[in-house]
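Chain nomenclature is as follows: A, B, C and D, assigned in order of appearance, with residue numbering initiated at 1 for each chain independently.
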Amino acid sequence: MSAIKVGVVGATGYAGSEICRIILGHPQAKLAAISSVSFEGMALSQVYPAYYRLCDMVCGTQEEVVEKSDVIFAALPHGLSQDLAARCWEQGKTFIDMGADFRLREEDEYQEWYGGTYTHKELHEEAVYGLPELFREEIKGKKLIANPGCYTTAVPLALAPALKQGLLETGGIIADCKSGVTGAGRKPTQQNHYPELNESFTAYKVANHRHTPEIEQTLSRLSGEGIKVTFVPHLLPINRGILATCYARLKPGVTEEQLWEAYRTFYENEPFVRLLPKGQVANVKNVRYSNFCDVSLFIDPRTGTFVAISAIDNMGKGAAGQAVQNMNLSFGLEETAGLMLVPPAF
Amino acid sequence: MSAIKVGVVGATGYAGSEICRIILGHPQAKLAAISSVSFEGMALSQVYPAYYRLCDMVCGTQEEVVEKSDVIFAALPHGLSQDLAARCWEQGKTFIDMGADFRLREEDEYQEWYGGTYTHKELHEEAVYGLPELFREEIKGKKLIANPGCYTTAVPLALAPALKQGLLETGGIIADCKSGVTGAGRKPTQQNHYPELNESFTAYKVANHRHTPEIEQTLSRLSGEGIKVTFVPHLLPINRGILATCYARLKPGVTEEQLWEAYRTFYENEPFVRLLPKGQVANVKNVRYSNFCDVSLFIDPRTGTFVAISAIDNMGKGAAGQAVQNMNLSFGLEETAGLMLVPPAF
Amino acid sequence: MSAIKVGVVGATGYAGSEICRIILGHPQAKLAAISSVSFEGMALSQVYPAYYRLCDMVCGTQEEVVEKSDVIFAALPHGLSQDLAARCWEQGKTFIDMGADFRLREEDEYQEWYGGTYTHKELHEEAVYGLPELFREEIKGKKLIANPGCYTTAVPLALAPALKQGLLETGGIIADCKSGVTGAGRKPTQQNHYPELNESFTAYKVANHRHTPEIEQTLSRLSGEGIKVTFVPHLLPINRGILATCYARLKPGVTEEQLWEAYRTFYENEPFVRLLPKGQVANVKNVRYSNFCDVSLFIDPRTGTFVAISAIDNMGKGAAGQAVQNMNLSFGLEETAGLMLVPPAF
Amino acid sequence: MSAIKVGVVGATGYAGSEICRIILGHPQAKLAAISSVSFEGMALSQVYPAYYRLCDMVCGTQEEVVEKSDVIFAALPHGLSQDLAARCWEQGKTFIDMGADFRLREEDEYQEWYGGTYTHKELHEEAVYGLPELFREEIKGKKLIANPGCYTTAVPLALAPALKQGLLETGGIIADCKSGVTGAGRKPTQQNHYPELNESFTAYKVANHRHTPEIEQTLSRLSGEGIKVTFVPHLLPINRGILATCYARLKPGVTEEQLWEAYRTFYENEPFVRLLPKGQVANVKNVRYSNFCDVSLFIDPRTGTFVAISAIDNMGKGAAGQAVQNMNLSFGLEETAGLMLVPPAF
């Protein structure tokens, strides 16, 4: 089989450039075209000198990307993906959306949290939600995939086995999450100006972040009940990584062994989820530059609270890595192709 | 009045050295003697070159410190403060303990969490808990003061007004805390070796940290009910600061305005607690190198959850600053003397 | 004497806000008025929440600042200080310029490196260069003071005693400098965006930085010869501090003891220069948040090279601290007033 | 050809663990055995949880490593490699030494700087110095390779083409180098304790570092003259990377174009050296987690000084990456095998 031709729209953003980097090392795919509105006509390596001589491809237009590629990854501002997806759909090309346009099933939730509308309702019927560990079968062979957000990958993977097995009370779930700053994108802001973020730590969009309905949608699908979560994101002065510390009350009578058994069973064949040995805590450091999600479990016997802590690289499993995992599933490749890089120890 | 003579036992640890720094700028106190087991005979400025020519005092013995000082701050490993406190008590000197030996009222809790015993039970009757914003009247003029831990300052200050007014359910309280690394002390460890902590983030002692009973003791005193909390500390790759994100369920019918009113009233005359304007979130950056505690309030109307977020400098209000505040109260000085330093903007 | 009324033009920049912070703790000065073009009408504490309740003064106009103040600190873009200085001069007010407009004696150098002209030539005759350790007597009582740049403080203080004593070859001097990022100002840029600066290190404006002629002017005044230096600045991923590693060839026959003696004599009565004991190296950490300059000396006997390493806080001795030191000299106050803060140990 | 069996002695140190990580992704080599004195009997992934499920190999003894491997990488304290090298030599196995035992040609220099002796003089005759860009032909097929140190890779690669062409004065060369902290190893120390290194920057071993004679040996071989350099290393508060800022005087009449031409010619076919376009400065960020060396050139026309700035990952091209490159040369593989990983953009 000839290599899959990969196109990236919005290649100079953090997610887009990371997809390019992964594809450069992918054994069955090759970068065919990239685009960028801000840097059209410039080489990717002029924007990111780390890529010098390794990826000097020049940024063209969206149209060129669609034309030259079998699969198009789109890292666009919210609202702009739908038209592009439609064009790809018409031409029979696979479209993997890094944004939120196709993530929420209910249009009114999209309207409430993102302020937009569903301009191609028929496409929303076709779109699948690309969280492979939870919805793998739906993704295989599909041509329109909504890649989840970063928090919305970390929180469900921390809680899925317990919710699926009905071991937790579904009310009162809390997700206290901490993200590295690449999640906020490449555009310089006052908040992420080095002197202001360095040696700082705070929360933002407290109980008010757009990923809330997406997390709830996934948790509700898992449990079969309507779940609301209190979600508080924090900003870490590090580049990469999300740590999700999730709290839920155990249902009466649930034992620690039941919990561990549920997780072991659920994740035993997953290549990218590493259930850590008892006593060890997930650390963002251990998954950096990789597609792994580390999961660790604790119980507070004094209060009957379950604490699940997961770690991902927000740019890996939380964005570009997972997108390539979805590409692999869509094209029937080995799911781990190009993604088994060992996270550096330091 | 002549300047209060201050002694610091364990002056070369982080808390001890910070007490020295504050005292050097205190208008009514002067550093009289310091001691260190590890660095006896060396100048403090040899251990911390930042102090060169500003505090070249040489480390002597505990005995010298007691003899030369009106007030002794003791930054000792847990268990070692009791004998020293007894000696100070006999000589009529004020003793401010930075460790845990006098913090817990119940000896069995001390035994459970610290593995030690109360060797001078009569002293434990005399000791007061030095969290001035909550127990100011008890501290004034006292000669044996247990300075609270860092987490145990941040969490109660975040929740006190609401608990005192009975606005919160007392079950299910969660304190998700994040601390800078100076809280772990000066001794090099693998975990805090620069290459391993840098760009990392994780939790530790999940639902199992020694500050748990101390937090519960304070919250229970405030509410009049026995309160259990789920307390999960995390380690931030920054030097200073604790952010405490505290979650509790609102009692039925409690309004947002009631909460704000409770906090405004409770803290309106406090010099060191800054209740932030609505919408602004506490950030460890804004209290660094100071004795301030910033408090911010949020409600998740979708789940009825109250989120109180406080920020302190773990070495300031969480240790040395609060200890000097207690000294001021003990000696009848202006409570803010030596402590009104403006936190740097960057 | 009543307190000196201090005004700060450009108070919301990093240097301006740091001047405000120092003045808030100054025993003989008080903040009278501040201005900001970008934030007119906003409180300084809205821009820097660290100052909340400690400096809630509202930013007004330049005119208000001049009117209400005895001394005006101006932190303005290059070229804009001259008119303001003229207005202050007419009204008999002291003007301390944080920018470059009055630093260079030769207008053609100003034109070459900054691209501007001297619009008030008579004022340039009046201006003194405010590096107190080298030109103290000129500064006392003066009303128009050019505050040096950060690199231009660190490099001359490292080399002054040896050059003054004629111990070094004046050709081939190299200043390899490394600065914290606050030196680049508050405005967000791609280069100083957290994810891009974090874990990075590079040089910039190699042998081409605007501080070059200013360094040369000072070194030439010290030595009495025209000196050219190769100056290469680097950007450190830290907030504060400059380390200047300066290389020069020893004149034939110069001994190590002569060098040490020259430095000891030159700096023995300087309150803010700390000549470090032999073997100890200056570290930016030890001068943070202070007005100190640490100086350390080394000789490479294998090559006959002298290595002088100095450290300052680029926002302290490199900007705001030195500016207040100049104010003290101008007004006949104790030179150290408001400036003897002990650098934190961590 | 079956995969080369790789053994790593001292696998739990930073260099050793990084070799393991590279080998895990090498298409023609596989990890056969690892050893560690400190962690014998433990899995590498227990020491570095980043490797969990990816490299759970258990640390055995040196003997086991030698027995099971075709090539042995030894990351041992100075002085301990010689005996091990002798054992490998006897058994016909390739030995790549990460330490200094075989780097210096002159035993008296080894004695002066390392305090040891050459216990197997005949082996020192066989050893080649593994800096492929400079000595490639010597390395091919050899079985005893001294892998250069980190500074001793960065400085020669910055200066080689100009020295080789005789464009520089050989006296007065200065190498002002800045290294990330992983270069100091995994063992916790006070200096590298997070709170003390964070936000700090200083020099160390000024004009007195052990890499000095090794740098001089290489530069002298290149130029054919005995060269002495003033070498001052600094410690950066980042994990990975060395920036070498090298200063030398141009020989009379040498033009900028001659310099560029010399570098272009010298490096045009080098896969791992990236000569940057004029005006761009090498940055450690752009080579992290890779085997690349970026080189940038500048001239200070005002002083006739040449400034060459190179950047490497001290653990990549400065240690583990270069060691694998040497393995590839020794075994006749493609020199880039396993090493063409794209450095991450952030």
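Please note the rule applied: contacts are C-beta pairs under 8 Å (C-beta built on N, C-alpha and C of every residue); 3 or more make two chains touch, one makes a residue touch a chain.
All values derive from a computational prediction rather than experimental measurement.
Averaging Cα atoms per chain gives one point for each, and the point farthest from that of chain A is the centre of C. Chain A and chain D, compared by their mean Cα positions, are separated by 37 Å. In this assembly, the C-alpha centroid of chain B lies 47 Å from the C-alpha centroid of chain D. Centre-to-centre spacing of chain C and chain D amounts to 39 Å, using the average Cα coordinate of each chain.
Multi-chain contact residues, meaning those touching two or more other chains, occur in chain C at positions 14, 182, 195, 199, 237-240, 283, 285, 288, 346.
Judged by the touch criterion defined above, the protein chains are all mutually in contact, each touching every other. Contact residues on chain A toward chain D in their complex (touch as defined above): 14, 17-18, 21, 24-25, 48-55, 182, 199, 239-240, 274, 276, 280, 283, 285-289, 294, 315, 340-346. For chain D in complex with chain B, the residues that touch the partner chain are 14, 181-182, 186-190, 192-195, 197-199, 237-239.
Partner chain B is touched in their complex by these residues of chain A: 171-172, 174, 176, 178, 195-196, 199-204, 206-207, 212, 228-230, 232, 234, 236-241, 243, 245, 247, 249, 281-285, 288, 298-300, 302-303, 305, 307, 309, 311, 346.
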